[in-house]
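Below you'll find a set of structures to go through.
First subunit A sits with subunit B, and in the next complex the same chain sits with subunit C.
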Partner chain A sequence: MVEFFQFVIGGLAVGSIYGLVALGFVLIFKSTDVFNFAQGDLLMVGAYLLFTCLATFSLPMIPAILVALAMAALIGVLLQVIVFRPMIGKPLLTVVMVTIALSLIIRSVMQIIYGAQERTLPSRLPSDAFTFLGLHISRLDVIVMAVTAVTVTAFALFFRRSKLGLEMRATAESVEAAVLSGIDANKVFILAFGIGTATAALGGVLMGNLQTVSPQLNALGLLAFPAAVLGGLTSIPGAVVGGLIIGVIQQLSIGYISSTAANVVVYGLLLVMLLVRPYGLFGRPTVERV
Partner chain B sequence: MRLTPRFGTALTVGALAIGVAACGSNSSGGSGASSGGTNNAKEGVKANQVDYGMVYDQTGPTNVSQIPWAHGFLTQIKKANDAGGINGRKINIIAADEKAEVPTGVAAYKKLSTQTPVVGISGYGSSSVQEAVLPLITKDNMPLVGPQSITKEALVPLHKSIFAVLPPYSDQVDVLLGYENKKLGLTAPKVGIFRITAASGIEVDNLIKERLKKNGGTVVSDQEGDPAATSADAQVQKIVAAKPDYIILHTSPPQTASVMKALQKLGAKIPVISTFAGGGPTGYQAVPKDFGNLLEYTAGVTPSDVSVPGNAQLLADATKYGYAKEATNTAFTFGYLSGMAVVQGLKNAGKTLSRASFIKGLEQINGLDTGGISEPITYGAQDHVGLSATRPYKFNYDTGKFEAIGEYSDYNSYITHEYGG
Partner chain C sequence: MDTNYKQQMRLFRTRGRVVWSLIGLAALLYLPSVLDNRSIFGYGLTDTQLLGIGLAQINFTLLAIVAATALNLLVGYTGLLSLGHAAFFSIGAIVAAVLDVQHSTPFLLVLLAAGLVGALVGAFVGLPSLRLRGLYLLLSTFALHFIALYVFREYQTRNFGFSGIAYKQPSVLGFPLDSDDHWYFLLLIAAALTLLTCRNLLSVRSGRSLVAVRDHDVAAAALGIPVGAQRIKAFAISSFITSAAGALYVYYLGNTTADAYTLEFVINYFAIIIIGGMGSLLGSVLGAILWTLLPQVLSTLATSVDPTTPVLGNLLANYQGQMVGVILGLLIILIMVFKPSGLNGLWLDLRRGVTKWPYSS
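Moving on, here comes the complex of A and B:
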């Protein structure tokens, strides 16, 4: 039984990061209708920005994280203004293809700047472990889970309580109605991309601490995708719960079946979800009037 | 937000596209052949230029180690070109990206064998891709020199046109087991294995099991990991639960880091020894000294921070050609030696260059001095292994440098030369 719970704890830690990246997916999709397939690459950018702040500018860890997140948010804003704003009104498939092109460009640019070799962060968050009820728990895993919990709570409050959050929700429901009621839709779109990119970058910051910083980090985007679909593409708590479920299922599959089987289980779940309940566990089904 | 059927279609297309993009699509880099007086154009040989192929993972999951390999190789090629070329010809590299994908690697081979023909190829370091192109290479008698990962199928039985530079896995496993068993005083060790999900992972796994069955010992846990995986926690947990005497790794450096972090997380102080593939600084930098000191790795080349004359030259060359940051990478060193063997083989081939004469030129390499980076490289008509000697290394956290554990010759008695050499 200890083994089972040890797998679950490991799954919750990586699942928290999947959840954060999925949260970025959802934030952008919910507000702008854009499903950003470059989200995994923005995670990688976040990890490299942290590496730059720590290794090049020798900043202490916390200021380095804050600067990296701010820079990531700025990148998100620029992407919205330069790439996605001209896409407004374009067919959905065109926008999806643009995000895929963006993904490839970001990956290549990062490789040109930093090279393909993996990097280790020069200083890291504490990673030693303690024992609780016979389970080995890493302090870093606890930090990752806590950061995710705080982030999702903050966003839930932001969307429910703040004027800006309500404006974003209104814009997500109907851009036309939001504009007619005086909401600046462009501001909402910019904000969504800024926050969504910073969230992905936060996943990269944590992943860089858990693992190494390398171009392969973008593969995490592929695991955040089923997490977002599972939770429901319009649900903020759903994205995080989806991430946690995917993380736990992945670790249990690796532990009890095999590493290769884990992909079958995770993506099989994605397929089943898309077929049976495409709006996810926490999403709402909508009927289109014809 | 409305989740309509149209959206579902777009999402599915997007998911498929991003999946394909993640795996990569076929593309190639490098310059094409130039015009000029032809000498043997069907094999990439022209009056003043020889076309040479490089196939490696530029954008796939193993590019972390294959790009440094390529840059080490290119360092030697650029150096040879700056010295006026070889036998009056400059080497023109035609590079192709195999993305660690079999179809892409096979397509790259077909291009280099006929469309933009080359006199030889280096690379194919992804073991699964290498195995897939072996029948084509053998059929065409295309020289393949110094893949970063050389599989059993590439060496046994002897392929007339394939030349290794890296010691084969059989020799690496011999040294790895012999050294670790002696160090720990074990005659029948209980071994845990963590290996990459690729052809070489299966090969190393089989080699370990065969040797333990023959000499005593058991594999108590056998785990595999995807090179792009985010964590090795679950696999390491299974290994630790099996209580091995030591753990053998054959994986990528980031996965070595994940394994070491998982051991730290579980508080499991179990000795770890890796093949060259998981070696280098990453695994050591990932954890504090008390866990990092558990890790050692074996390699057929000396890390560039260990003082030998060949490394001084390597560092100077790497700096000159803009690869200084990668010079500490073991993969860079392997590429550097592969390039050295290719240059020498082309020199030996003489002015009448062809794939056949290049093969003969390579077979004439006898005691190629690497300045202590490795034992001298030697091939022969019946020996295409090149290097067998391997020794263990560990990182000294106090000096921040790697240390060799003994001399190469100290470990020769362990090597059975199962694949030749």
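Moving on, here comes the complex of A and C:
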């Protein structure tokens, strides 16, 4: 039983990272209709940016994380302005393909800059373990969960209380109506990409602390899709809950079955969810009109 | 303009096309001799003039044409997004391993069996398409991808170990496939057969209803087309071809491991049909040619760039694969922004520009 809870805690920690990446993904999808296949690569970019800030600029951990996130946000803004603005109104598959091309470019550029080998961060967040109710808990896991909790709360407040957040929600609801009521849609799109990229990068920053920094990190970012679907593609709290569920299920199947079977279980769950409840746990069924 | 059904179905629209096709056929038959002897009609050609392309690359191109055509049938013509392409390739590899390596079945029978198993799995995988649309369908095929990969990995490690599965050299009707030349003719036949089959399918009712389902499923249903059955049919046909191509692919390579069938593999094929042109057979061919030959061409050209050239020289010398990735990625984005109909669209524009000159815009 202790073993079970140990897996659950590990699952909640990685799950909150998946949740963060899914959050960024849902944010971008909801406000700009871009189904971003490069979300996993943006996670990887975040981890490498942190590596640069720590190793090259030798900043302390906290400022390094903040600088990395700011740089990631800037990358997101540039992507929106250069790549995705011309794609507004294009068919879905066209935009999906552009994000796939982007993922190809990001991956290649990162390998040119950093090489293909794994990197270990020169300094890490504290990861010593303590015992709580008979469970060994890593301080790092607690930090990861706490950061996620804070981020989600900040998001909730931002979307409920701030003018900008309300404008973003209005644009997500209907771009035309938002523009008619005087909202600058371009500003909202830029903001969505900036925040969405920074959130993915935050996931990467935490992942880089949990593991090593390598080009393979983008595969972990793919788990944002089942997380987002589970939560219902357009629901922001749903993305985080979905991420947590995926994380726990993944860790349990790694622990009790095998690490190769974990993907099958996770994506099998995705398939079942799509067939039974395609709009997810928190989404609303959409009515299609002809 | 076609004015009746018979005109729509015929293979060659004009007599000119018969002539052009014959010239094309002659060129294709002459191609291996050019690439083997590095000379055309007696004139010697250097490696750089041939852009470093050998017959092996052409064979991979032919394989890519077969598989890209199958994907285009599903995605471009029927409008069903599926990431299952690598999964179906791996099904072909498994069937070939079971039937040939373990039970010594003749080559052509293996291909047929691979196709049939693929079609069966394809029909099954197509079931979610009855309920799900667009992105949701795409995500559901994610599951297929990882399940097929898991099955393949388990099968491989139990029966063959980590180093992968080695395939025997096949022979067709006593004719051994022991050189790139022999493979070239077999793959040429396979590609021609695939293209002809799809071309004919798409010009009769059965195939045209696939396009109708893509364009407007409700309108198609109102015309009496069984929409669900068409979707399953598209999945079955596409995966038949893909799995057979998957078997051909592993025979040609001689060995394979589960690691070969990544999501990147699938994405490459999506890139091929997008660059070439969705819903166009010529597009699949052009896209496959560009996508499979460009890396080789770029690396040949890279060797002629002086490595001391600032920035570019170093990049091309040390990061060839990555540079190819960047260039192909940029190419996709440029095509998506400026010419969403792909290479096929460019070709049609060019042809219209020439034939209608000076009245073309």
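Quick notes
Convention: the second predicted complex is superposed on the first by the 290 of 290 C-alpha atoms of A that agree within 3 Å, B and C clash if a C-alpha of one lies under 4 Å from a C-alpha of the other, contacts with A are read in each partner's own complex, and residues count from 1 in each chain.
Here, contacts are C-beta pairs under 8 Å (C-beta built on N, C-alpha and C of every residue); 3 or more make two chains touch, one makes a residue touch a chain.
Remember, predicted model here, so these are calculated numbers, not experimental data.
Overlaying the two complexes via subunit A brings subunit B and subunit C into a clash. By the touch criterion defined above, A:V98 lies against subunit C but remains apart from subunit B after alignment on the C-alpha atoms of chain A. By the document's definition of touching, of the two partners only subunit C reaches A:A261; subunit B does not. Of the two partner chains placed by superposition, subunit B and subunit C are both touched by A:F35.
In the superposition on chain A, contact of A:I112 is made with subunit C only, not with subunit B. Once the two complexes are overlaid on the shared chain, A:L274 sits against subunit B and subunit C alike.
Counted by residues of subunit A touched, the larger count belongs to B, out of subunit B and subunit C. Of the two partner chains, neither subunit B nor subunit C is touched by A:D184. Only one of the stretches 20-28, 92-100 or 128-136 in subunit C has C-alpha atoms clashing with subunit B after the fit on chain A, and that stretch is 128-136. Overlap of the subunit B and subunit C interfaces on subunit A comprises residues 35, 92-93, 96-97, 100, 104, 107-108, 111, 222, 225, 233, 260, 263, 274, 278. Subunit B makes touch with subunit A in their complex at residues 1-4, 6-15, 17-19, 21-22, 59, 61, 63-64, 66-68, 197, 223-231, 233-235, 237-238, 241, 253-254, 257-258, 261, 264-267, 281-282, 285-287, 325-326, 329. Of all residues in subunit A, those touching subunit C in their complex are 35, 83, 86-87, 90-94, 96-98, 100-102, 104-105, 107-109, 111-112, 222, 225-226, 229, 233, 260-261, 263-264, 266-268, 270-271, 274-275, 278, 290.
Of all the residues in subunit A, the ones that touch subunit B in their complex are 3, 6-7, 10, 13-14, 17, 29-30, 33, 35, 37, 92-93, 96-97, 99-100, 103-104, 107-108, 111, 115-118, 120, 127-129, 131, 136-138, 141, 172-173, 207, 210-212, 214-216, 218-223, 225, 233-234, 251-252, 254-255, 258-260, 263, 274, 278-279, 283, 285-286, 288. Listing the residues of subunit C that touch subunit A in their complex gives 75, 81, 128, 131-132, 134-136, 138-140, 142-147, 149-150, 153-154, 218, 263, 267, 270-271, 274, 278, 315, 319, 321-326, 328-333, 336-337, 340.
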